[in-house]
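Following are the structures in question.
Two complexes are shown next, each including chain A; its partner changes from chain B in the first to chain C in the second.
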Partner chain A sequence: MNEKRKNETPLLEVDHLAVTFYTPHGTFNVVRDVSFTIQRGEVLALVGETGCGKSISAFAIVRYLLPFHPGESRVDGTIFFEGKDLIAMPDSELQKLRGNRIAMVYQNPGTSLNPTMRVGLQMEEVLKQHLRVESKQAHQRTVELFDSVGLAEPDRIGQRYPHQLSGGMQQRVMIAMALACDPDLLIMDEPTTGLDVTTEATILDLMVDLKQRVNAGILFVSHNLGTVARVADRVAVMYAGQTVEQGPASAIFKRSKHPYTTGLLQCVPQPPSEDETNTRLRSIPGDTYAPEEVNLQACLFAPRCPMAQEMCHTEAPEILSVGDSHQSRCFFWNNVHKGIWGELEPRDEGIRETAEPVLNANKLQRFFGQWQRKYILFGPRVRPPVRAVTDIGFEVGGGRTLGIVGESGCGKTTVARLVAGLIPRQRGDILLRTEELAPMIEERTDQQRAALRMVFQNPTTSLNPKLPARHTIVRSLQKLARLSRKDSHERAEELARAVRLEPAYLDRRPEALSGGEQQRIVLAAAFAGESDLIIADEAVASLDVSVQAQVIKLLEDHQRESGTSYIFISHDLGVVRYISDDILVLYAGHIAESGPAECVLNIPSHPYTEALLSAVPIPDPDATPTRIRLGGAVPTLRERFQGCFFAGRCPRKIGPICDNTPPPVHIGPGSPDHAIHCHIPVEELIKLQSD
Partner chain B sequence: MTMIRSGLVATWRSVRNTFRLIFRTWSGRIALPIVLLHLVLTFFGPLIAPYSPTAMPESIDQYQNLPPSPQFWLGTDQYGRDVLSRVMCGAGSLIATAGTGALLGIILGAVVGMSSGYKGGRVDEIVMRVMDGLMSFPTLLLALLVLFTLGPSRFNIAATIGFVSMPAIARVVRSTTLSLKNMEFVQSARLRGESTFYIIFRELLPNVLPVLGVEASVRFSYAILSVASLGFLGLGIQPPSPDWGLMISQSRRFLVVAPWVALAPMGAVASLVIGVNLLADGIRQATRMAKEDKHE
Partner chain C sequence: MARFIARRLGLICITLLVVSVVIFVITELLPGDVAAMILGKEATEESLERLREELGLNRPAHERYLSWIGDVLRGDLGDSYALKMPITDIVGRRLRHSVILAAFAFLVGVPAAVAAGIWAGMHPNTKLDRLISMTALVGISVPEFVTGLLLILLFTSTLHLLPSSSIILPGVNPLTSPQILIMPALTVTSVLFAYIMRMTRANVIEVMQADYIRTAILKGLPMKRIILRHLFPNAMLPTITVIASSFGWMLGGIIIVENVFAYPGIGQLLLRSIETHDIPLLEVVTLIIAGTYAISNLLADLSYAALDPRVRLA
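Let's look at the complex of A and B:
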């Protein structure tokens, strides 16, 4: 009886939360209307795109708004933590709750730890501060906590400094620290965003595990629907500072009752469905609602909504109950279904036939730095160069897309820069059709430069901040398409329309454009030269999902119309799977696997590809996660591998042969182009991976 | 035509906004009147001065070293010339020389810093070591050395000041360039096949300008001090032209009997340097404020 009543009052109850920032330029309603509840032992995920106010809402709970806005701010609404009003609570009392009963884990573990202190000492300090325990006890408890978050050698890891730990280990230490005082509420702000997929998967596993062990409520803030589906019990979707939908995870992902949620779900490239038909990606038109826009009496999503009626533009919808603890902020929630974003179109596979190769790269090699001899106190210490790219070769077919995947530090960006000529290669050759390309871009001919274009990851730094957006397009046209000044301005406007931008946008400075608009300008410039090959280096990584889908669709349309080939580099296997015809999987500067997309992504695959695939979070709460996880960190690349480059982390390592002998190349059964660099024979891989 | 007009309107608006922002800071409020006063003297000093700065009265004895009085507000010097008029007319040459010197330094420093930083590698290494070498000389000593060989003239003074202030500016500009040159917009300019010259002056320069603006204000006040110091040492503008440094140097001997002759040019130099420094401070604060406003 007593136990039951305890469960009835929610651990945290946030009602009509609003946060206003006051600046010399006016007041901004960064959070407009957010309501959610968290029970003990439950994970509530707060999802939304950049600038929707999800992190601010989470930190407003503990009144920690300084990182977002140094000036005056105001929090309205009610926040009840175990029945106590946190908004009315004086600072001194709230301070006692913070870190003790309410703990926080931040996005960037690297900057949250003190770099000058051993992590064990930092941990002990927290314990002594909050629990007032003796040194010896604190040390013991530290070891226990490190063990509970799955850190190997928990008794020795405390001796290390933060920089000696990998990102995943740092985040584990942060989580251990948050758990130190047995908090009742854990606020996690994008805890896996800065990590590689394989590391992310292990952290998410840990969270699923913690959820069962710790009797705390967890508020999990994320922009990634895949990670949310993996850990959340309940999901609150935010848009423009409002919660637009809230409900159990399965209801949100399967029977969403808000058009924004259904749209968002469809922007994520899905793994191919059972019947193997590829469907085109869909995107949400327009850009996210900015906090400086006036709060009209209207549904804030109406401008982007496909089912908006007249009423949506004149009246603000309230939160309506649409089912068992499932709420939606939509007048027409009853009519919401997946089809509102248009019928699924099958993808046009017409021109995806192999033509003659556009680019042929052979035995590329690039090391960074030189052999260094340093005298540190006792004798010389030799520091070899970083072997970023060792012997990589590939081919890009005409009108085809080569996807290059791998974790950070695998050499994928270096490969892109070698091909583009931004950094000179040390060995190997690159053929553009039949011409040999010079190592440096400055030594190549104008035709070669026009044939090979590149799009970078960060759209903001891809445009000169002091020049209008048109500059890069116009100059590309003048230099590469040899257009006159006047013609180039006209053509620039055509190109802007082709990337769905009004020509008036061309006269704006980059700072006045959103990330998606900036990237579309960059694409327009890349399309200017009528190139044969465009290298897209993480071109969609920094964009929100709804915008990411727009950019991917533009790339697809351009390829269909002009037959341009792409090298598409990404750490996101879902996106690569969607866009690529061929895939190259890199690890530690070596090729792990290469071949046509359908062969690489199916059985048999290289153990590393297998691990990557099983680490990708799928936006479906019912998906059973495959249990292949990589421990350890990416090797430093300063030493030559005696055996297989992947031996150190390989979950399918077969014995000393992996450490001694470089792996042979096996040809997969599906296609003669499918190459697997592994000691395990293909038949064995098939057997191992079908189980 | 309308485009030019709208452009002018926009420029005027941004100038007005800048002034407003500067005036919102304390240092700006103090500095603006001081600097404006000096600027007025630069252009109109000889016109509004009550007497000629060089004219000596026929009976020097009568007018020698007179204390401040309604007739001579700041008194007279040992040749009986009106100190106020000399101070007013001295502003022009000083500010012009210092301004040209600072400007030369900025241009030289920007070109050297941007080229060296962008080129990188061995070129950068050599250029920057030369700059380090120049910087290790005391500025005034280096200037004296150059002026002894070239001989004092207004242009030579300006050129010398430009030369000695170049290394510090080059250093600052180079560090900004280093952080800029790895940004993607520079890479994409390389990918389009732009020349190094184009990249430095069209792509990088607009981004270096804000740094140069701050540097310019600092360099200008240093240049004023340098010109005045050189004048004091006798290597500046030659007599009888009114020069603040020279005036201080000449009035040294009469410091006890006629302190006003030395105090007036001293005050003028000090107020100008303080004004310029405070104004630079105000501008810096104002741009920071503008930036913060934009970000929120």
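Let's look at the complex of A and C:
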């Protein structure tokens, strides 16, 4: 069967695809040269960093380009679907393929479903449109499809509106809708980005399961190498609008023949379950090739490539066959190996000593909203407040990093804001060394304000778009470090160099800087005050892995040089694992587990930590995924928990005690600071988790 | 839902009560004397005193307010000071005229504006879109009295097609001579059209960018269905509030239009009752206008909830 298929025309054949946008702001060569094929029953992953053109290549297949850039667009090259030319096909014929033979799943299921229509109806209209079935049959088929993607109560879910479903359920609905007409080609554009790691794991499980059942080719677009390793049969790596390497997943991950791929793989922090991370992260120097540049008479990766030769700058490499269905766009593919990026530097562990704690937080509490009586005139309908943070305490050691992890809605951002004084705490106290900090930042002294800095997720919104980048740093220097005008400008340039930016960049406005450059400006401003503690709330979440690695290394260097402490908040366990000395695992506004990083992320851990760890996709196609999955969604937090906060979703629940009694705190092995908030005794957890 | 409506109706009653007090206080503070207004400059002090006695004007203000509001709550709107007629009769006729004019403008203007807005939003920056948008901009910028006078200039002075004044004699049904309605209705519609069209256009452009429209397109649905089921309900959400408040505006706020065409509607009545310090009449007219605003806003919220399950089911 497989032999026979190889001789048939491929399901999808994309050849030398190029997409150019002509806008009032200039010409953008977003996709320059993309070629790949997909066979039936095969998952091809299209991987690359932001702006590499992977999503646009995917949308070009279904000819949906206009919304990316207003103005004219031009598509060159060929796209053949089952031998039919998709680029030349008339609109009416294409409409019959869309949603029917070629179906899509998108990045944000929440916004991709019509908010004013019941999901069942949104599903049925696809069936009615393409299969011409009656309402009754459409309804029946909808229920079957909902069931097949693992939605509970498939016969009732269709009555709901999108906002009544959790993110994971919404994505299941989208997948079911894509499968409605039994498509030949399924295009999934970042289907798990934006979902919590536990939800992502269940969606990836579903995809692995679908691969067996559905005889469709799947184009899986993703920036996350971990998810790609989990589901892909073959991988195409994109850089600056070109496919630079393509081949079987194992070949790409294990024996990559392109320097970019090898570099990218080394930027990803090691999976959290690995032993002590004692080598430094790798980052790829420089920035990606901008789409407005047109010089194609060179290898586009050459400026960042460690093995670039003279000819790489003067000649454009073609895709070359480098092995069994393995291709690379590199003249020197034969010399590519993991070591080309140099030896990994060992990490300097010397600084990781606990000094005096810098910050001490005790019994923090913050609820949002009042007890509301909804109807003033006709009797009360009571709506309790959201218990965002309930009784959380922690300590940040001098020169140490406290990582805070948890799913969205666990309270990690609220904790950061309470510490920073952006929102007042309702109970508890925060000590900066020995001084009590006032709840609101306005009430704190200048020294206290200078001692605490915050870095946010989105650098674009953290910088004033009207002012040059310099302004943000200089202002911090003048306000917090009390430098004179002249000194602050000199110091700003020093800081820029410290975050590996040429001082000339300081005079650019934020819009002229890339996301990574912007975040480095924000960091330089945060470093300006010589603060004792920097709170980084998802500070690397919006950055690509190669840039993320740069930023993490900057944080690391700064800590080593100045002894600053960090609170590092992230949903990415790999990153937290790499950077943190201590870890706090939060769930539903409560502490699930806390302690030194190596203790928390090892056996035994709280069942929630265990579930988080087993959900992290590992960038290795041979890794066997652990099968602990969380169903359901994070509780609404409007109710007070009678028993354990995690009882509703706990895969290791032991009985009614979990529902009625708040969990005791057990001291885990390894450190007296290792606390596990669970009814299950430590020995029992070790036994359960070793199996 | 019933609870919600009951509560909102209760709040509307409170609002109207507050409005009636405010109006009463303002008219008390205004300079001028009702009796003098009615009897004119030549009136003797004696006859003025007699009239004040007759109208109960020499009682303290709070007493007059309480007896007035007591009568209103019993269903008796009282008599107009100036016209010496039951207010129910005066207002009833005028209200009918205004409703006819408003309904005329509303039924023609709103669907046209929404349709034009959807078309323009779906084809932004085309020639026709620019034309529609420009017309709308002119409609908003030019005051109603200018539009009205321009229409009179065109249809009456130049083309001799329509009468310049829209006076309706008592006992005449304006629907028997619809030609007198055309110009006032057009004037009102021009402003209404502009607001609603621009609002719709902006929302359509925004919703067309939404991810769920992309989903609908890539589901292979025909354009007609995408517009009706996916675009329309979502794009109309913010527009509904504008439509509702414009209905309130049409009943009370078109004083100028009614004056330009001498159309005997409720706006004209409002103006006259202010001029004559005719407090009972002024109160009733104001309450009708305020009540219309309040009710149409309630209707807007209800239709918003009907269209948006996030509001309805949250």
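In this section, the second predicted complex is superposed on the first by the 672 of 691 C-alpha atoms of A that agree within 3 Å, B and C clash if a C-alpha of one lies under 4 Å from a C-alpha of the other, contacts with A are read in each partner's own complex, and residues count from 1 in each chain.
Criterion: a contact is a pair of C-beta atoms (placed from the backbone, for glycine too) under 8 Å apart; a residue touches a chain by one contact, two chains touch by 3 or more.
Since the structure is predicted, the reported quantities are computational estimates derived from the model, not experimental observations.
Engineer: Please work out whether A:Asn100 is in contact with chain B alone, chain C alone, both, or neither, and reply first, second, both or neither.
Structural biologist: A:Asn100: touches chain C, not chain B.
Engineer: Touching A:Lys479, do we find chain B (first), chain C (second), both, or neither?
Structural biologist: Touch status of A:Lys479: first partner only.
Engineer: So, A:Phe80: does it touch chain B (first), chain C (second), both, or neither?
Structural biologist: After superposition on chain A, A:Phe80 lies in contact with neither partner.
Engineer: Go through the superposed model and pick first if A:Ala420 touches only chain B, second if only chain C, both, or neither.
Structural biologist: first
Engineer: Would you tell me which residues of chain A are touching chain B in their complex?
Structural biologist: Residues 21, 23-25, 28, 69, 71, 420-422, 441-442, 444, 446, 449, 453-454, 456-458, 461-467, 472, 475-476, 479-480, 511, 522, 525.
Engineer: Touching chain C in the complex: which residues of chain A?
Structural biologist: Residue positions touching the partner: 62, 64, 67, 95-100, 103-104, 106, 108, 111-118, 125-126, 129-130, 161, 163-164, 174, 177, 375-378.
Engineer: In the complex of these two chains, what residues of chain C are touching chain A?
Structural biologist: 3-4, 6-7, 10-11, 209-212, 214-222, 225, 229-230, 233-234, 307-310, 313-314
Engineer: Help me check something: in the complex, which residues belonging to chain B touch chain A?
Structural biologist: 183-185, 187-194, 203, 206-207, 209, 289, 292-294, 296
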